[in-house]
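Chain nomenclature is as follows: A, B, C and D, assigned in order of appearance, with residue numbering initiated at 1 for each chain independently.
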């Protein structure tokens, strides 16, 4: 299978709510980048996070093995720094092989969950 | 009418919740690929499902007659295997004729439903 | 201003819930195609609706004046026929001038509303 | 880093609910355009708002500094005029440098929130 996708992707919307009344991990509010690597080579992806009032952070290094998907939670990023809660941000992904990236968020600040998703923009 | 669309489509986000408190079929949590075949020829589509920790599964064979739409529920796939619940996956569709594919999910784990949708990525 | 967009658009996902417990018009479940015509010429758009088990219906004629937007509810279509409720469908739009089309749905079958949106596919 | 994106973007869907039972700012119903400027130059963006029954309004001037994101709420626009509530509209953005724009809405007319998002259309 030939690798499908692009090497540069952008998610302009980013926001992790700070308030998490839910206890179970699957219902904690989270932002996710779903990354599919259809290639025969492991993907090494550099993620840069942009803010409204400071210089960009990163690169964060994300690995997605050959022929695998990874649903990466922004909540879990720690190195070189964590993403602050209740803060607007945007993301730029640069990969060494073509990948496809889709953005989704589960918001559980209220009792019921809200969901959103969109394909990222391929630069 | 000339056939509209592409022959390769990707949905990077995939997740079927395992818990289904709802009884009516229309309110059971489900992931759907809405496939439109505007061509004059029946579409034969090979679906490959990618996981985070094992080799891809498939191909699943999906047929969409000429000038028809099909809202295919991932929940219903059985051959060559079912999609496991509560598991991250991604999907790649390869068709013999141009089609258009849109992704949607209805999530009813909570009392209220949540919806999401996006156009798939055309490779 | 030069006209922005394309002349052919596809929304693969379509479904109008039949059950509408809500009384106010703004909260009745509905599918919408938001059509922007930035051109200096009135847009004449032919909409064809595709089903899973019968020949396509249409064309429905939709007019969007020059420099205007129209948020067209599929619920309101009557000519040449209405869209049946609780039925899967897809839509193809063909315009005489470039337009931009975005799909959205408000679902109020449960007490709380659910929303989805995506840009249509430009063929 | 080379600037990513396009200079012309369209969001065909626009609607700010007029009823806001929520008190906290983060839960007031709002439409947002998330704009990422990865370039080394400040972005000067002209926004034109299209309506269904009158001539377009604008331009509204939006600034996004170099290497910054801005999550711009349509609710906050005042100059040359405010966006009326409970009114259908569409948006066209023209930037002097490439940017990426994503659309989102939080709807809190009911007790629970609903979310939607999609990448804008790049003209």
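Quick note on the criterion: a contact is a pair of C-beta atoms (placed from the backbone, for glycine too) under 8 Å apart; a residue touches a chain by one contact, two chains touch by 3 or more.
Here the structure is a predicted model, which is why all the values come from computation and not from measurement.
Student: Compute the rotation angle for the C-alpha superposition of chain C onto chain D, expressed as a multiple of 5 degrees.
Tutor: The rotation relating chain C to chain D comes to 90 degrees.
Student: For chain A versus chain B, which are copies of one sequence, does the interface use mostly the same residue numbers on each side, meaning over half shared, or is it different?
Tutor: Mostly different residues form this interface, as fewer than half of the numbers used are common to both chains.
Student: Mind checking the centre-to-centre distance between chain A and chain B? Centres are C-alpha means, answer in whole Å.
Tutor: 22
Student: Express in whole angstrom the distance between the two chain centres, defined as the mean CA positions of chain B and chain D.
Tutor: Here the centre of chain D sits 31 Å away from the centre of chain B.
Student: Note the residues in chain D that touch 2 or more other chains, in rising order.
Tutor: Within chain D, the residues that touch at least two other chains are 111-112, 114-119.
Student: Chain A touches which residues of chain D in the complex?
Tutor: 1, 4-5, 26-27, 32, 34-36, 38, 67-71, 100-102, 104, 111-119, 122
Student: So in the complex, which bits of chain D are touching chain C?
Tutor: Listed in rising order, the residues are 8, 10-15, 48, 50-53, 55-56, 86, 88-90, 92, 103, 105, 107, 109-112, 114-121, 123.
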